[in-house]
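Multiple structures are listed underneath, in structure tokens.
Across the two complexes that follow, chain A remains constant while its partner is chain B and subsequently chain C.
Presenting the complex of A and B:
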């Protein structure tokens, strides 16, 4: 009935709500990057040691940045996958199971087919990606065809995945010691290992999908107005299934990088990805009800989470505090990004 | 007893109530009639406290009162029986009856269910409904729920000292004939306990039940007739009596349509109980207007053409192709465009920008192998922004931030640019200001000139008459009459209303 005539005059307000929400995550990241060196400085100052702010920081150094990036890359891949799903207004919680299965199947295939990238064993990489896609596809089918809410369908699929991984390995760890494959971690260009560049390329691909393909556009349409997407003749169910499939592929890339990082594939490879990736997406500013956000938000979110983890280690705070801080951060992020005036009931 | 004096209510751009005088006497049933948008629902909301009037007074027994919210109105004896029922279906009948007023049954922090059940039974007896108060509400029939709703409102009787005024908003719209008669005899019986305000689209029922009838038009009360002096025709004349400005609806641009070709044909089509046995044909260049009250089946027919609703009987043919699978994708493929009434839900995606919204239904044309040609999208958007005069700073503007009229133009551009030649317009001018409305009328004429067939559900009857070549009047899902609307020999408002209600 009433129409909102919100034709803002050009340059009317600089600090609009949208702008604040858009840039807050990045500001938080910059703030954190400057905060931890400050603690270091404070400590040395208290002990009477000479310490130049930033320049003498252990946290604010290339070496530590590489450490943060290495820790962040697998999580970034998983978080990008789930970003697409959250843009659609759904959620995917199957990442832990999917990552474990992909990692384990990759390791078996890799070792079985020669054990080095220089042989046919490289085929294990596309196989792992296909497995990820297949799991995501099944996940999407269960969600769409059986009409099970995505969080439940994917959570259940995640458990199935974890169980499957355990079945395959029997609880063993599989070592992947091929030097060529491990060069993902060991070979460094400009101080950063190859896996960081791989992740960067995948991030660009994800950005391309998000902004330049019909699929990416469809994700936003479904998240922004599912009724409308339907009334515009989009096959919403197909978009959903493809979204989950795409997420599965990114989970598989995350699995490969995780194996490359520690050289071991096991059931536990997938552990902790759920909390970290969802936290990252939300902290980065992608709205849980869909339609808003994207992969750059997720990059910022992943960095925030990893900077906090790393920084707390550097300044010597115990582990359990880190989880607590991250939890509070999630709540803050959602509080900031929700327009509570327009939401009357939350279930 | 209950009285409104010179009550005014403004909304942005609309003067919804104009100095309305309204009075309800003790033990009286007052009817309220008017066209859609005449101000009936605004008036009701003022009465039960959901809106506060901008001017004028509300009086109860001669004292001025001011309700901040419906709860306050209830404490003064004003109860509302909602058209869309307000019962919570997964609760029991008694819980619903005493929702929000459970305190009276609480002992030591625990609800005494037995006492509540007995109290509920007493309330149900007032409406002569003999059911177990512990039943889950969803197990009741629709008519029974309506009575429970009434029983809930009647609990006011025990809670307050003064007299009761109960509003009934379209209480009969979903009831069968016997149920209606039952409800009416009950209401007459209940006048011992309360006064009633009865709002309905069905003129016969209002005439039958009401002691006095208020007739509203354009936010004002145009007449008050007593039961004995009431005459259906006279009332209908008063509801619509207005002159139509031919210029306004671009009547001079109305060209005859192409009778040889048929775009859409309905042959005895029915869809559940929403509409039955509908037949018509839409030709290129024709504006076919479906006229009827809310729930007469107009929207359901549009949704069937588009493919959002599958009919249960009959045959739908679009451009010579008999439709067997009803999906929106199929509709889009056949060149059907749909601008829904709720722009925010089915019209535009807020959060997506202008060009993204425009290509949403035709992304395939702007992509190769799934990769979008964003530059072509933008130039398409620029072309249409210019062509339709869409007021937006640039193509990157979030559509949610555009005004209603411009949003509507974006939706029309979306379908027209995709080559749709069957346009379904559901209240295309709803919520638009006059200038934006004229733009939409202009666009409709242009589309017709380009050979597009338009099925229109208009916001007002004048609009329907002014714009259409053909008018089909519907009532309760059934075909009533077909009018030809050639310029100069258009049907009058009265002709239509006569068949509508």
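Presenting the complex of A and C:
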């Protein structure tokens, strides 16, 4: 009886279980943002200093928010790319290679065609995006046509990408010193550098693709149940290949922002993106088995990881502890945002 | 012999073909002493991959092995003077404990093993950094030889390292094929829901699989530490992806239930042949990584038995 009434009036209660779980990642983020200033307050309180909670916080300040956003933008682009793949229930591990290749080719083209955005060198940007798309396309082809599970196909493609970047650079670093391009980092509007706005625009585009296009719907259809999607006449293979291509484009944007941030393109530009981006996606509440989550979850996930990293430095946590604390907090965040009633087992 | 019947044999056929290709291109590859050195050098990677096989066999993954091995190199170096050969026990207990925690977080807290093992790897990294004071440490040569010198001798031309690898392979093979635990592993890997329905304690099986993976990673770390006579929180870096690749190329797909430890032995040898081939075939250092990736795609495309990948290829 109770079951029936509960189902017939879904909007009756404001705080349903599903709703709480859906918003948990955001609550975790808010909690963390309030937690680190608390440690600062505690330290000053112990030292007997005047300290207004939040108002006197070094962590809770616009300057530090800008710092967190700058660190987060390249990772956010990569994580958004892989979000589409994870929604389909696949995985893409090729980002480190793709980011490196895009960064290096961009730098070579940029310098070769004039070295400043005010010349034809701006064409290096679309070229980098095309390279990203091409690598993603090949990745998708290898996965779909050779019928290799995406984990293995993309892992191997990642090796190829890193190798290609190494081949192109011969191990050298390429400096991109054009002031106009570096204004991505150096010019600030309302306290935040331009790269943050670029990332925001890309996020909106990703959200548009996810929720307002057929392709976006198809990602969820494939992730929700591939046999069903196939049976209802969807060309699943095409959706997959397009998904990997789209991911490649976002990896390329991530590469551009990474180069804009540090001014250097090299084989190592892509390092560390793989585990960080997938962890962020999962922490944000997108399920690895597909069909659940989306780009807003990824934004929250990336911010959670970056807030933890930044906060640990601001409150002066010893360096050797930081990795372990990040690990434990990541587990906690995932535990909190998993709906235990909807999953029977986890691999 | 029909095509279907040859399929399961693809991994070792690929290995033989690769060896023949490299050997014909450069006959010095067949020099027995050189081959033996090659094989002994790959032993720590092999042991790590052997443990990883159990995690992948049940459909999970263990990303903590590399950091765990790092931690063990530090533990072994720091406590060698105090405990002598008993550091091996400490190392194995540490590996077992971290594996059990990973397994517990995965099964009871519903955190995917991709994330839980990665996070436990970070915890291990923190412990390694703490114990080592973030410096590279060195073992006292005499103490090392007194406790672990036996690991690196030669008996009748066979390096002891290789013997250790074979013993561990036999143990792992026995566990996988001749015990109830092995049967349970297969059941969980082939279909977890069916295994639950038939009354198996699936959680315990999975936790044990991660624990075994941890123990093997610890042994690999110990061997590595003794070999390089030191410990460092970054010593085993670069092993993780190669260990995964070794398992996958051997024909144990991530979906679980197929393949096994013998496949991993073949997979490790394939990885070894591909990497050493580049030296024998004089491929330029800057090209090696890319060639490795391309050959890897070809090798995986050849070795995986798609008829056993249930349902769709994700």
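Points to keep in mind about this one:
Methods note: the second predicted complex is superposed on the first by the 308 of 347 C-alpha atoms of A that agree within 3 Å, B and C clash if a C-alpha of one lies under 4 Å from a C-alpha of the other, contacts with A are read in each partner's own complex, and residues count from 1 in each chain.
In the analysis below, a residue touches a chain if its C-beta (ideal position, glycine included) is under 8 Å from a C-beta of that chain, and two chains touch if they have at least 3 such contacts.
Given the structure is predicted, the values throughout are model-derived calculations rather than measurements.
In the superposition on chain A, A:142 makes contact with chain C only, not with chain B.
By the document's definition of touching, of the two partners only chain B reaches A:291; chain C does not. Look at A:252: by the touch rule set out above, it reaches neither chain B nor chain C. Once the two complexes are overlaid on the shared chain, A:215 sits against chain B while remaining clear of chain C. Of the two partner chains placed around the shared chain by superposition, chain C is the only one that A:330 touches, whereas chain B remains out of contact.
Within the superposed three-chain model, A:232 lies in touch with chain B and out of touch with chain C [touch as defined at top].
In the superposition on chain A, the chain among chain B and chain C reaching more residues of chain A is C.
Within the superposed three-chain model, A:171 lies in touch with chain C and out of touch with chain B [touch as defined at top].
Touching of chain A by both chain B and chain C, each in its own complex, is seen for residues 227, 230. Within the complex formed with chain C, the residues of chain A that make contact are 88-90, 97, 142-143, 146-153, 155-164, 166-167, 170-171, 226-227, 230, 236, 275, 278-279, 282-283, 288, 290, 319-328, 330-331, 334-335, 338, 340, 343-347.
Note for the complex: chain B touches chain A at residues 11-12, 306, 308, 328-329, 331-333, 338, 340, 345-352, 356, 360-361, 363-364, 367, 370-372, 374, 391, 393, 400-404, 414, 430-432. For chain C in complex with chain A, the touching residues are 58-60, 63, 105-107, 109-116, 118-123, 125-127, 129-130, 134, 192-193, 196, 202, 241, 244-245, 248, 253-256, 286-294, 296-297, 300-301, 304, 306, 309, 311-314. Interface residues of chain A, counted against chain B in their complex, comprise 1-8, 10, 212-215, 217-218, 220-221, 224-225, 227-235, 291-292.
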